[in-house]
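Below: the structure, in structure tokens.
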Amino acid sequence: MRDIISIEDLERSDIEKMFDAAFEIESKKLHKSSWCLLKDKTVILAFFEPSTRTRLSFELASKRLCAHTLSVVGEEAISLAKGESFRDTIKVFDTLGDLIVIRHSREGSARYAAEIAESPVINAGDGRNHHPTQSLIDLYTIKKLKGDIDGLSYAVVGDLRYARTARSFLLALTKFKPKSIYLVAPPPLKPPHNLLEKLRNKGFRIYETEKVEDVINMVDVLYVTRIQRERIPDPQEYERVKGSYRITRDLLRKAKSDLIVLHPLPRLDELDIAIDETKHAAYFEQVKSAVPIRMTALAWSAGVL
Amino acid sequence: MRDIISIEDLERSDIEKMFDAAFEIESKKLHKSSWCLLKDKTVILAFFEPSTRTRLSFELASKRLCAHTLSVVGEEAISLAKGESFRDTIKVFDTLGDLIVIRHSREGSARYAAEIAESPVINAGDGRNHHPTQSLIDLYTIKKLKGDIDGLSYAVVGDLRYARTARSFLLALTKFKPKSIYLVAPPPLKPPHNLLEKLRNKGFRIYETEKVEDVINMVDVLYVTRIQRERIPDPQEYERVKGSYRITRDLLRKAKSDLIVLHPLPRLDELDIAIDETKHAAYFEQVKSAVPIRMTALAWSAGVL
Amino acid sequence: MRDIISIEDLERSDIEKMFDAAFEIESKKLHKSSWCLLKDKTVILAFFEPSTRTRLSFELASKRLCAHTLSVVGEEAISLAKGESFRDTIKVFDTLGDLIVIRHSREGSARYAAEIAESPVINAGDGRNHHPTQSLIDLYTIKKLKGDIDGLSYAVVGDLRYARTARSFLLALTKFKPKSIYLVAPPPLKPPHNLLEKLRNKGFRIYETEKVEDVINMVDVLYVTRIQRERIPDPQEYERVKGSYRITRDLLRKAKSDLIVLHPLPRLDELDIAIDETKHAAYFEQVKSAVPIRMTALAWSAGVL
């Protein structure tokens, strides 16, 4: 039985095993029926921080595996934690459940939970830190649509400093062999030094820029994240840069015809809904991948995959 | 597969098909065991506005049909909607679920959801607008207790202007052949003109009055709804009219011996609890009809009835 | 079918029947798989006051018995109650469910619900009043670890005036034959007179003291509860007494080698986490007993045990 805390903890071979299982799930429509690998098991969905989308897909994934689910969400979870140590709370979950899926606003909480619990722990987002199953979904969607993850050119656009998904996605790429990676962010949201180091140490070709226009014609995969206004100290600066990170149908005219656009959702203005109708849009395919991937992550974590 | 947004969208033949199925469910006690028409399907219960009674009966109806359920309730649903378009939220639900039951304070939201989603959508209440399964429950209870819906005299009492249930019930009656309809409301809460038109265009005999006493001896079905104090601009006016709409055991002495009293619940003062003990009380029978009717609505919507 | 409102309502023979069933459940690992005594039944989990730990174990116990569960928690339950009588709310639950588990901040609410509902009602805590399944868990854990409940010496430490769990535990002991009972509480939190009467009327040897140190070497079971600061009028008094009720590893050096320490959790400072590692710690064993005991309570209440 194994924890899934950060995408970095996983070996490429583990990831590929999960992808093979997810392909099998989808081809046999097991995510629409059931595959009782976790029969009689109980999955605790401990969402100290609400995240409906993630919770629902983990809940459905658990049910498709024939597990029981126990959900603790938002206020209820917070009041639970109040007045008792996080440690005791996790010990109670550990006694009741066979697997713990945890989301918490505090960085490091999932790893700490994994130290306490004997049951495997899956991190469903700990603050700005990690969200490994989202990265698995991202990579799996690329593999499904492009046939491979290696050898492609990637642009990652938006908040590369604070946004969990963008950073996790980049870390996930370190397990593979991208042809080149373009990092597109306004100065205040450029990737932190240690992330750049990790990517360069892998020997990747990394290019930094501030404008999507400069790189749109060169990439196979465009990974877009939100730029949160409050992250940029100067409001005028925000208004100025905002436009450079808005992906429009017009912009995509300059793109390769088989470019795919990923977005972890929810989206705001940065991604025009007019793109939904184009062949480039891959973000609803990401949503479709959530249940099969989370089924494999749960099964792998429980040691039955 | 079919949406259920307004009772007006349904044909009389559809309604009768559902009632036949609901009778069968009750006679075979399938609402107390199970009838696996929706095995492996997933029902999303998206309650943007809380409504525990409705949610619980939809949830149980889904489980009796052997479906999985995913619930999103109140605050969690609202925070989900925040920061992303309703459209994207519905698209995510559409990907996860096979059927979407939606309740929302905004009028028209259910119909909009139905336009976005490929899965069938059931409206569980959109603001003051529609709540079609409640109307199905009302009519079904009448059919069960009186043998027929046609040929009866109805009084509908209370807030006929704003209350969703009263208006939906009247629209539901347009599918049938009532003998006569008495509309009992204080002036500020009289039914809107277009509703009266609809009823009159059907050739129904419609009588308007302000006092329940005037009509109580003539009706077979008394449909009572709450009068919300805040709807009546003048507090003194409210105090004055309130009494005319309070259904007491005393009042029912003047009624036909086989009169039945319906109320969609929750009730406040307008319906004396002393009536619970009388043979007139049909409102807990309405509660009992909720699961069988919602089972048939779900099955019909999914195209398996 | 039988309600479980207070531990005092249960006969010793009932309790022993439940304990036998719980032993069987644990020995056959039925609490980790399933024992479908409540197949097709619906358990309503009506948590007007949130209590995640209790809800989760009742929910899992119900699922292990193959029942459907419908949960109403916190805000949702409160808004349900608002605007309609508690009586009508319970009647709706009674129609939907076959068993009602209720938690409510108002004392007497569970018993009142039991009067209204035809379905059996299990009290999961009504204000400062009762929490019978917690007491069953406490006693069962003792029986499991010590072989017997009779003939042992007990110390009950902390808030004996207001804390529900301590008082319920003492009432539960009246069904058995303890050798002696030491009541350890600061003056403002001494047990109420009527509780002392009940214990003395049973012929129990009762000793009151203010210091755990005085009795630690004489007891077989140490039952610890929280002392809530706000219960003690004088803050300086609180600071002074607090220390006398803190159970440390050091204190336990003076204890019998086979002393067991119980705590209903959550704990604050009163129970040092260093004790977790010792053989005295029985409180996580209590957590483990929750699902088997609640399975038996549900089954017994439904009349199938």
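Annotations for the structure displayed:
Order of writing sets the chain letters: A, B and C. Residues in each chain are counted from 1.
Criterion: a contact is a pair of C-beta atoms (placed from the backbone, for glycine too) under 8 Å apart; a residue touches a chain by one contact, two chains touch by 3 or more.
Everything quoted here is computed from the prediction, not taken from an experiment.
Both copies, chain A and chain B, contribute mostly unmatched positions to the interface they share, with under half of the numbers common to the two. Rotation relating chain A to chain C, from a C-alpha superposition: 120°, rounded in steps of 5. Averaged C-alpha coordinates put the centre of chain A at 42 Å from the centre of chain B. Counting only residues that touch two or more partner chains, chain B has 75. Of all the residues in chain B, the ones that touch chain A in their complex are 40, 42, 44, 68, 70, 72, 75-77, 79-80, 83-85, 87-88, 91-92, 95-96. Chain C meets chain A in the complex at residues 32-34, 50, 52-53, 56-57, 59-60, 63-64, 73-75, 265-268, 273, 284, 287-288, 290-291.
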